[in-house]
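So, here come the structures, one by one.
Two complexes follow with subunit A in common, the first pairing it with subunit B and the second with subunit C.
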Partner chain A sequence: MAAQYRGTKTRGPDPAVTPPTAAAALTVAGSAGSGRPARPSGSGRAARFVPYLLLLPTLAATALLLGYPLVRNLLISFQTLEPFQLIQHTTEWNGFGNYTDQLTSSEFWHTAGRSVAFTLVNVVLIMVGGSLIGLLLNRLGKKMRLLLSIGLVFAWAMPYVAATTVYQWLFDTQNGVVNWGLNAVGWHSMHDYNWFSHQLSTFAVITLLVVWGSLPFVALNLFAGLTTVSAEIFEAARMDGAGAWRTFWQVVFPMLKPFFLSTTFLEIIWVFKAFTQVYALNAGGPEGLTETLPVYAYVEGFGNQHFGTGAAISMLTIVILAALMSYYFRVILKEEDEL
Partner chain B sequence: MRRSLAGRLWPNIVAVVLFVFFVFPVYWMVTTAFKPDLDIVSSTPVFFPVHATFAHFTKAVHAPGFWTFVRNSFTVTLGAVLLSLIVATLSAFAVARMRFKGRKAFILMIMMAQMAPWEVLTISVYLIVRDSDALNSLLPLTLFYMMMVLPFTVWTLRGFIAAVPKELEEAALVDGCTRFQAFIRVVLPLLAPGLMATSLFGYITAWNEYALVLILNKDSGATLTLWLTEFQTNFGDDWGATMAAASLFTLPVVVVFLIMQRRAGSGMTAGAVKG
Partner chain C sequence: MKRKLIGAIGVAGMMIGVAACGGSGGSDGKASGGDAGNTITVWLMSGSNPPNWTKQITAAYEKKYPGKKVKIAVQPWDGIQQKLTTALSESTPPDVIEVGNTQTPYYAQTGGLKALDSDKAALGASDWLPAMSKSAVFDGKQIAVPWYAASRVVIYNKKIWADAGITATPKTQDELFKDLGKIKAKGTKDAFYLPGQDWYAFDGLLLDAGADLVKKDGDTYKANLDTPQAAQAINLYKKLNSFGTAPKDKDEATPQQSDVFAKGDVGAFLGLGWEGAGALTKNPKLKDQIGYFPMPGKTADKTAAVFLGGSNLAISQGTKNPKGALNFLKLAMSDQFEGALAKEGGVVPNKAALNTNLQGNEFGTVSAAAAANGGTTPLIPEWGSVENAPNPITTLFMTGVLQGQSPSAAAQKADVEMDKRLSQK
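Then we have the complex of A and B:
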């Protein structure tokens, strides 16, 4: 969703320079309907509470519906919580047991490595492909640009769950159009090929699904960014004899560096925690070979009913995500000084 | 500077290829949904169907519980969006228009909450909901979806509120309105397009949510996302019906995207302030 709100960013006048009149007016709201601000000292104190009163519902909801689950997850990760404890309603602490189990298990490290590799491949494809499509949009004529934009919006609007179902059908063993196409162009061993029975081919489909769905965001946003770069700058670069490659790296990239940095981090975070596409496509199969960390946490927690273990895995995932996010925030806090 | 014919042609060719790449899955979903079974399983795919049938849609719509899931999805989605709009408008107004201690911290919290890893919080959410005996109920789902879209709603509304000229509000205050009246009578009407756009994005998020409903609800408490992922399991290899189900699920999202395209709100305040 962050995707879209970046697109509709509406910058208004800087709220930080609110003139004193507005602050004084606050007091009116404090003593609703009483007319003019009377005594600055008394009403000033009341006014000071107004913003906090307005924030209260948001803060309460965040604490209850996000903060509490986070804390609870942390607590569970230090417990042995399996169907027995669940039914008996007992709490059995086991210290760092779940963590040491995970950190010494080869399955965890395999899954972590797989997650990192999966994220890396997807993000590189998304960023490189998205940038190229964005640049292409900038170069196209009006009609072709509209055509390609429509295509992008279609892929963007497609809900993950529906897209996953469609990809299962596209890559169906018997009647899938992909197998038919590959067979038709001469790759006959792909006739009746089962994409979901091998690790790499399943990952190939997941990657295609993720990249297909993510390219529009990068491409359309880069294009939006490019339209803010004035045509004269491109003209000047061309006059100076810069080719397309140099124009990109020495003109476009430096100007839109904040965009590239923040988008890359966003994509890393999104792909790393992607659950729907990976799980709904093949449930992490075959034999758990396409489980990424979020899917692994889910399968351990709910599939195998080791809730404590699942919570520990999810905490480890959250730690990795938090590290990525702190980088992301450093980037965007530098980029936007409007806070 | 004139480019050669090839130089002018290749971007267009690439654009067409890309267009096909992006649109084809959607096209294939819709056409499969309308194709008769014989065309679906034919050894050579039928790319341009001439015989359309509504049989698959009929089957999908008559699947057990379909209308319950539709109702559940709409209830949860609209509930979450409305709640988050109310809660977010309050804090967005505070952030956009007032100065107070902790404002930066609050914004930072919102930005972090926006990126909350819901996908890996499922275990504790499940246990919390289970402890309060609310599994299979729509209320916890609504509340958690509300929380999912809340940060983004606050963030976007803050931008929309900041974009409403302060002078309009001040004029209302001078005319004797209280701050609250000024908000209701002046800011809120101008905010309508912003509220609309924001709620549509929230609507899409909640409509598409999968990880939480997967663990919290089933059977009569399920939503359409869950139904769609299980449709194939329930109906075997009936791809026509599955694609019809996927099309039905996608339709409301497409409608929302179309509405957003048409929204024209930026001109509303143009000219309201002189000089």
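Then we have the complex of A and C:
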């Protein structure tokens, strides 16, 4: 992440112009030695392997912690795996049975649609809110900036389950401070209102929780990005008579476009796979109406102990997420070709 | 730029992390691990083992079998099925486990429980109460042994009732509602505390209305909540819930209703003996203030039917200490310890002859009498799936009706989900 927009500084406002430091960046990125003047060939070959050697621990950890569970998950998704098979240690293959069951189930498609809508709403709110706070950080004086940064870091550092518990208390029917406050300011029907008994009100609380938890990431990163934009550029824009809105759209946004692109897509991933907050807040209730795909996979897989079904749902979740991410990958690969 | 490609791969890696949610069976059975030979692990459920009984049976076992040890681990009911499945699939499962009577067929069908036919005579099978031992038999095999039964009764705060001018406990449901009205009129916010998802309590009312949660349809079972009887039972439940501020979308353990009662400002709740005892431990000032009476029926001649909750003890199929496990089972099934459990825990023992132990235990006396009119959920393996969280009976039906849906509309939703689960093998 950080590396990406550090690059943009040197790149300047026009991305079409190849920055002079690109070669240096490539050197860092992995093909060390390729851009260097000739050297004795023996040490050159050794130098060529060093980057791969350095990558090895990360790759090994990824293979162990992500690759192995993923392969196991894939295998399980083609099995009938219920408590009987689990306890008896038997393997029962059922081909694409789990997949066809899901793909023909209206419950799955409802949940998928709900997940996508939930993700879009949250990502838009996070990006807009986070950008505004980031811009604010850039304008604030030293003390206020420190205060706001501390607040953001605390929100970011809060463990999910703890945050969820706090939100449960805030929105508690009888003892919650939110209902108390709404009642106190005159909205009396909110006294004893059960936020978790309706789909939309439950989603509203979940959204608030997820957005609140993710704003600091966007805000602090944007602020970090903005500090790399030299003050003269803003001054020049102001001299040319650009207002705040125009300065943002025509100066800041194009310069930090890679930041916005990668952050948006990271947020899509994070919101789409948000499990802890959604499940811990109300277990996908009421009546399963706030189940998103990861919660659905968990409820079917662990709650109902259909481990094969749960595995298939989680594989389908990856496919859907990959589809959502395809635009990002296209952009990345296109830029790769251009170089 | 290659670093972007690397970034993209990293992003792809994060996406794959999503799959970890639905992954393999997991292994969080921390408490397992019978020490190949000398220590046996016994899993008991929260509320089952009273403190003195636990101390005495551990001491007795370790004295009778020198060098051997018992490790008793108490498990919460919430999420127990997932935990038990995982534990039974491990190479060193707990040796002895307590299994709820309604969940026993489910585990029997997974093959995780050891058949005890050759030892059942030594365990006292000839004297077991038939109503209790039924749930411990599966496919003609003795898969577990009946440990105890218990039925819910009304646990009330004598002081609050006396302050409302009530001198005798109600004998009919009409009298009960009249009394609760008086208590509420006195300013007690929770004349009756009944959270919306105590489905065992609901099942009692349903049995009393003359229906069951499921009906037999040829060889299979079908959900049966969309009936006038279920509507009658849930309306009665709703009325009881309205005499307090208990949440409509939580069960009796969130928060523990005995903790709520312990605060001393709750008129009554439907509970088990250990809950009354728990309230007293939490608030010793309630001494001599806690009373018990059976849930009254529609008429004074008969108390309401109740859900006969209970537990069996079983030995895991994969136990590494079959001998130690059986020895523990024999001890727990002995008249001495079965009697001690009834006496201290106030639960119905597995032999009629041991009922004398209940003398002096107010809950036990009331509960054992009520148990005569008790029933259970159908003892079929598919039933275990219905109880898996989120339980459609509570989340779809009970909470649905309590939050304003018509019984029939909520029942239809719950029935669809129950049928789905009942048809899964």
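In this section, the second predicted complex is superposed on the first by the 255 of 339 C-alpha atoms of A that agree within 3 Å, B and C clash if a C-alpha of one lies under 4 Å from a C-alpha of the other, contacts with A are read in each partner's own complex, and residues count from 1 in each chain.
In this text, contacts are C-beta pairs under 8 Å (C-beta built on N, C-alpha and C of every residue); 3 or more make two chains touch, one makes a residue touch a chain.
Being a predicted model, the structure only gives us computed values, none of them experimental.
Colleague: Now for A:62: first (subunit B), second (subunit C), both, or neither, which partner does it touch?
Modeller: both
Colleague: Thinking of the overlay built on chain A, is A:87 touched by subunit B (first), by subunit C (second), by both, or by neither?
Modeller: second
Colleague: Of the partners subunit B and subunit C, which touch A:325 in the superposed model: first, second, both, neither?
Modeller: After superposition on chain A, A:325 lies in contact with both partners, subunit B and subunit C.
Colleague: Thinking of the overlay built on chain A, is A:294 touched by subunit B (first), by subunit C (second), by both, or by neither?
Modeller: A:294 contacts both subunit B and subunit C.
Colleague: Using the superposition on chain A described above, determine whether A:167 touches subunit B (first), subunit C (second), both, or neither.
Modeller: First partner only, subunit B.
Colleague: Touch check for A:311: first (subunit B), second (subunit C), both, or neither?
Modeller: A:311 contacts both subunit B and subunit C.
Colleague: Should A:136 be classified as contacting the first partner (subunit B), the second (subunit C), both, or neither?
Modeller: first
Colleague: Name the contact category of A:275: first (subunit B only), second (subunit C only), both, or neither.
Modeller: In the superposition, A:275 contacts both subunit B and subunit C.
Colleague: In the superposed arrangement, which partner chain does A:72 touch: subunit B (first), subunit C (second), both, or neither?
Modeller: So A:72 meets both subunit B and subunit C here.
Colleague: In this superposition, which partner touches a larger number of subunit A residues, subunit B or subunit C?
Modeller: Touching more residues of subunit A than the other partner does is B.
Colleague: State which residues of subunit A lie in both footprints, the one left by subunit B and the one left by subunit C.
Modeller: 1, 4, 22, 25-26, 28-29, 62, 66, 69-70, 72-73, 76, 81, 174, 269, 273, 275, 294, 297-298, 301-302, 307, 310-311, 313-314, 317-318, 321, 325, 328-329, 332, 339
Colleague: Could you please specify the touching residues of subunit A with respect to subunit C in the complex?
Modeller: 1, 3-4, 7, 22, 25-26, 28-31, 62, 66, 69-70, 72-73, 76, 81-84, 86-89, 173-174, 194, 196-197, 262, 265-266, 269, 272-273, 275, 283-288, 294, 297-299, 301-307, 310-311, 313-315, 317-318, 321-322, 325, 328-329, 332-333, 335-336, 339
Colleague: Tell me, which parts of subunit A touch subunit B in their complex?
Modeller: 1-2, 4-5, 8-16, 18-19, 21-23, 25-26, 28-29, 32-33, 48, 50-52, 54-55, 57-59, 61-62, 65-66, 68-70, 72-73, 76, 81, 133, 136, 139-141, 144-145, 147-148, 150-155, 157-170, 172, 174-175, 177, 180, 212, 215-216, 238, 269, 273-276, 279-280, 293-294, 297-298, 301-302, 307, 310-311, 313-314, 317-318, 321, 325, 328-329, 332, 339
Colleague: Which residues of subunit B touch subunit A in their complex?
Modeller: So the residues of subunit B in touch with subunit A come to 1, 11-12, 14-16, 18-23, 25-26, 28-29, 32, 40-41, 43-45, 86-88, 90-91, 93-100, 103-104, 106-117, 119-128, 143-144, 146-147, 149-152, 154-156, 159-166, 169-170, 173, 178-180, 182, 194, 197, 201-202, 204-205, 207-208, 210-211, 215, 225, 228-229, 231-232, 237, 239, 242-243, 245-247, 249-250, 253-254, 257.
Colleague: Any idea which subunit C residues touch subunit A in the complex?
Modeller: 1-8, 11-26, 81-82, 85-86, 88-89, 106-107, 109-112, 245, 247-249, 317, 385, 388-390, 395-396, 399-400, 403, 413, 421, 424-425
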